[in-house]
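Look for chain A in each of the two complexes below; its partner is chain B in the first and chain C in the second.
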Partner chain A sequence: MKSRRNILIVIAALLALAIITPFSSSYVITLITHALVFAILAMSLDLLLGYTGLPSLGQAAYLGMGAYLTAILASNYGFGLGWSFWAVILLGMLLGAATAAFFGLFAIRATGVYFLMITLALGMCVWGLAYRWNSLTGGDNGINLPPRPEFGISLANDVTFFYVVFGFFVFTLATLYVLVRSPFGRTLEGIRERELRMRILGYNTWLHKYIAYIIAGAFGGLAGVLWAQMNGLVSPEDVILTTSVDALLMVVLGGPGTLVGGAIGAAVVTFLRDYLSTLVHWWQYVLGGVYVLTILYLPGGLIGIPERVRNWRVRRGRKAAVPSH
Partner chain B sequence: MKEKLTGRLGWAAGVACFALGMGAGTLPASAAEELRIGFLAPLTGPFAQIGKDMANGFQLYLDEAGGSFAGAKVTFVVEDGEGKPPVNVRKAEKLIRQDKVHMFIGGLLASTGYALAPVSTRQKTVYVSSIAAADDLTQRDSAKYPYMVRTGWTSSQPSHPFGQWACEQGYKKIVTVAADYAFGYEVVGGFQKAFEDCGGRIIQKMWPPLGTKDFGPFIPQIKKDADAIFTLMVGPMALQLPKQLKDAGNKKPVIGGGTSYDEYVLPSMGDEVVGHVSALQYSAAIDTPKNAAFVKKYRSKYGKVPSYYSESNYTTAQMIHEVLKKTGGKWPGAEKFVKMMSEIRIDAVRGPVRLDEMRNPVQNIYIKKVEKKKLHGYPQDELWNTVIKTYPAVGQFWKYGKADFLKQPVYSRDYPPCKYCE
Partner chain C sequence: MDARFWLIQAFNGISYGALLFLLAGGLSLIFGVMRIVNLAHGSYFLLGGYVALSVIWTTGSWLLALPVAALVIAGVGLAMERFFLRPLGFDPLRQVLLTVGFAFLFQQAALDIWGGDPLNIEPPGVLTGSVALGGMYFPVYRIFMISLAAVMGLALWLVMEKTRMGAMVRAAVDDSEMARGVGVDTSRVSMFIFALGAFLAALGGAIGGAFFGVYPGLDFEILPLAFAVVIIGGMGSLAGAAAGSLIVGLADNFGKALFPEVSYFTLYAPMVLILALKPTGLFGRD
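Up next is the complex of A and B:
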């Protein structure tokens, strides 16, 4: 009952976003598109952090793989500028998945802080490659992409591009939602709650975690392809630790284990970073303050606010009701 | 847990509405006799001090002009690029879309320049590169960026005469220690080419990462038979290397790219840098009345000696003003503006400046030696970049000729190859 109502709310919010956005100013459209790309990355991370209990600090690696693939194909081979854009999307997801499949072999053995550190190190490896492999990645300068693809529709148009990214966002949300509601997703939650018990029950927990890791990598790659097209530039700065930390904070801020929480976190962080920073120079304090307050007072993330408010009102109502009885 | 899966997304709708509200402040597409200028500089992070110097330079000229250029009221919007190319791209998009600027100026690092130039082409908006010195913007890639004008310099521009100067000092073998990114490659590349063309040898090249604070791993590797050390430091790095070289007991002469000893960092340095020599198109110690007046004005307003970052943006504002004087305060359109700007010849604070056909300045290059002395009437002993030699009207191709120069690849980590390294 409650879950159905929540789905309706999400659908209504998505519809509202799709309808309202084209009427915004062109800068706001790009900001929203930016937030949606990061929402995809945050949701992919939420599968690991929120559902499987694996705090990965290397999610930028898969974004980087997708982004550099897109940039290299487009600028060196002129590939992906027409219908082949869809092939690049597919390749980006495959490359993200393949990278995760490789990294997963090292990372999945560990848990907790050790997992955090291994994924951090692996993420830095990708950054190192991007920074050092000059002939392929352009080193510190990065790669400038040719104009966005055109296939009947022109992605150079901001509104069109917004709808394409929006489509991928909905696709990601829906796919991951189905996934976490499936028996597979339930098993992941079981692993998060108590891995030993799941193992005793006969589940191959390593394999479950490994597959979740690969799926997260694939969607990270998808975010990367879109990110490259969005900025028209891929730089090692995109792959740096900050991006991974941002993704992690987006999930924690929005509410882990909720998928949409990651999207909310992405929206808040993007708007603080890219919009508040144009208004005041002390925007970093605001961002820091929001993080600290959320972690101190809202362990469930921003998404827990309505429930908190409801609980508080119920409690107050009860208190008020006591004397009359 | 199940109930939480989707959450309550009235929030997303709220954010969307907030987004709409923000769009409301957008300016009209074109207002009469108004010049909207966007400015990108790092205002947070390790390069924040440089960013302030940049913006202050422009602001100083603007204040002197009374806030308007030839009748056009100037709206000056400064954005924080954080010293990161992708952030600069996003902020440039913001300036163009939200503030509807006629042009955007700035960008610090060479990589930022390479990232911003395509934005100007894509958005058909003028980009004035006042600091970012990436060579190819006005060399091999110049045709790709028809809306870009450079008022600063190319990284290798001061290095060419400096290489020749090093030969004249009798240096035979030099070791380079330079920040590991495009700007470092180009400064060192230009120096190496000129130095080796007149008989010198670069015998070792070291590339500490941008932002290195501990040069411990690098200093002991410096070859003993080198006659001098060439350094190229950027930002806070510049403070550390001379100190650590001194602590390590270095006795070799130290020379370097302009940013190693520029005035943004010079006041924070100690006596360890006295005698070090560098090359750039500006020094706060240039002995002209024009520069002395500029230094005094700047210092009384911002409390520090202007660096080339300030001068370059001051001069940029002056050049824009000159263009608008010719149009009577009207915005001539992006293409016309670029054309008019490249025809400007001014007597700037740094000396005479004109632009070549690839829209890069032709200007004096000063060989400068750090000295402790009194200057410009200030009572206390301070460190100054005393000019010891001036190479007048140096262009980006030095004496090589445009056609020949453009045939070689852009200076990089591997070009020119280190023939004499073992």
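Up next is the complex of A and C:
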């Protein structure tokens, strides 16, 4: 009952976004598209962090894989500029999944702080290659992409591109939602709560975590393909540690284990990084402050605020009721 | 590529490793005692360089700048641990994000106070020349870096092995819960370790300022290297941090000289392998 109401709220918000955005200024449209791309990355991470309890410090690696694949195919081979855009989307997801399948062999065995460290190291491996492998990645300068694909519709048009990214966002949200509500997703939650018990119950927890890791990698790759097309430039800046850390903050800020929370967090962080930074020079104080305050005072994230307000009002109501007894 | 090339590269690698030891020695102890992934550690390094610059500008003394910078930043680290990390309790993810938040705050503060231009710390004249040996030139400053790291390493080793505080730290690394059980004040140990870590990193930053300058972004550039040292050497072990620093310093130098295209990969891939196969590091205790 309650979850049905929440679904309706999300659908209403998505409809509102789809209807209102085209009437905004082109700057706002770009900003929202940017936030949606990172919302896909944040939701992919939420599958790991929020549902499986795996805090990955290297999610930018998969974004980088998708982004570099798109850029290299487009600028070196002229591939992906027409209908083949869809093939690139598929390839990007496959490459993200394949990379995660390889990295997962190392990472999944680790737990707690060690998982943080090993995913950080894996992310740095990808960054190192992007930064130094000049002949393939263009090194520090990165790769400039040709204009966005055209196939009947032109993605160079910001509104059209917004709708395409919006479509992928909804696709990601829906897919991951179905996934986390499935028995597979319930098992992941069980692993998050108490892995030992799940193992004793006969679940292959390693395999569950490994598959979740691969799926997260696939959607990270999807975000990468979209990011490359959105930005028109792919550089090592996209895969630095800060990107991975930002993705973590997005999830924690919005509310882990909710999917939608990651999207809200992505919107806030994108707003701070992209919009506030053009207004004031001290925007990093705000960003740093948001990190610190979220951690200290908002363990459930922004999405937990209505619930906390409700609880607070119930408690206050009870207190007020006491004297009349 | 003759013997001379190898010798010079090895010397460069070792002196770089010396700097990394200052940066990562404290990080390793913090990691060992508190299991905190401190992403603000690079900021201590950067701020150490900046504070040293300010001291040099006001007093003109380079010699005074090193201890002052290290002590000021030790105070910053101590306050961070006491007022923010401690109340959080043990929660790796939230601790990481909190330290990132501080890293961003420090970055902005550094930008506001010292500006965005790259700066350089001029070492005193005695340390600027080079020593000719067998037809090769060794910069005096690099020799100084190696000696300073060796002296600090020795002093730390003595503190860890011979003093009561050192014994408490070792106990906390081995089994924090048990140490608390037998009456070790692990809260005080954590505070001491955090301040010490910040002290060493800031000292490294002040020394390194003459080596690769002081500029915005240095903090996050140097941070992953520090983690590589900690992981390869094993957390909570000074000997491990020393060995890890040498390995990373040498791997970085030879990697860049021999296979430039995959040089960082050759640095972080071993880190992944070690984490996957022996998470306690090459020299860590199980």
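Here is the rule we go by: the second predicted complex is superposed on the first by the 325 of 325 C-alpha atoms of A that agree within 3 Å, B and C clash if a C-alpha of one lies under 4 Å from a C-alpha of the other, contacts with A are read in each partner's own complex, and residues count from 1 in each chain.
Heads up, the rule we're going with is that a residue touches a chain if its C-beta (ideal position, glycine included) is under 8 Å from a C-beta of that chain, and two chains touch if they have at least 3 such contacts.
Quick caveat, the model's predicted, so the values are computed rather than measured.
Put the two structures on top of each other at chain A: do chain B and chain C fit, or clash?
clash
In the overlay, answer first, second, both or neither for which of chain B and chain C A:Asn76 touches.
neither
When the two structures are overlaid on chain A, which partner does A:Cys125 contact: first (chain B), second (chain C), both, or neither?
The second partner, chain C, only.
Is A:Asn204 touching anything from chain B or chain C once the two structures are fitted on A? First, second, both or neither.
A:Asn204 sits against neither chain B nor chain C.
With both complexes superposed on chain A, which partner does A:Ser182 reach: first (chain B), second (chain C), both or neither?
Once the two structures are laid over each other on A, A:Ser182 reaches no partner at all.
Kindly classify A:Gln284 by the partners it touches after superposition: chain B alone (first), chain C alone (second), both, or neither?
Touch partners of A:Gln284: chain B and chain C.
Does chain B (first) or chain C (second) touch A:Ser154, or do both, or does neither?
After superposition on chain A, A:Ser154 lies in contact with neither partner.
Just to be sure I read the superposition right, which of the two partners does A:Asn311 touch: chain B = first, chain C = second, or both, or neither?
After superposition on chain A, A:Asn311 lies in contact with neither partner.
Kindly classify A:Asn134 by the partners it touches after superposition: chain B alone (first), chain C alone (second), both, or neither?
A:Asn134 contacts both chain B and chain C.
In the superposed model, which partner reaches more residues of chain A, chain B or chain C?
Between chain B and chain C, the winner on chain A residue contacts is B.
Superposing the two structures on chain A, identify the stretch of chain C from 94-102, 112-120 or 220-228 that clashes with chain B.
Clashing stretch: 112-120.
Pick out the shared contact residues on chain A: the ones touching chain B in one complex and chain C in the other.
On chain A, the overlap between the chain B and chain C contacts is residues 134, 284.
Spell out the residues on chain C that touch chain A in their complex, using ranges where they run on.
31, 35, 37, 39, 84, 87-88, 92-94, 96-98, 100-105, 107-108, 111-112, 220, 223-224, 227-228, 231, 260-265, 267-269, 271-273, 275-276, 279
Can you check the complex and tell me which residues of chain A touch chain B?
2-3, 6-7, 9-10, 12-14, 16-17, 20-21, 23-28, 30-32, 34, 134, 139-142, 144, 147, 177, 180-181, 189, 231-233, 235, 237-238, 255, 257-261, 263-264, 267-268, 271, 274-275, 277-278, 281, 284, 300, 302-303, 305-307
Under the definition above, what is the set of chain B residues touching chain A in their complex?
By the definition above, chain B touches chain A via 1-13, 15-20, 22-23, 26, 43-44, 79-80, 84-87, 89-91, 93-94, 97-98, 110-111, 114-115, 118-119, 122, 134, 180-182, 210, 412-414.
Spell out the part of chain A that touches chain C in their complex, as residue ranges.
49, 55, 57, 105-107, 109-110, 112-114, 116-118, 120-122, 124-125, 127-129, 131-135, 240-242, 245, 248-249, 252, 282, 284-285, 287-292, 294-296, 299
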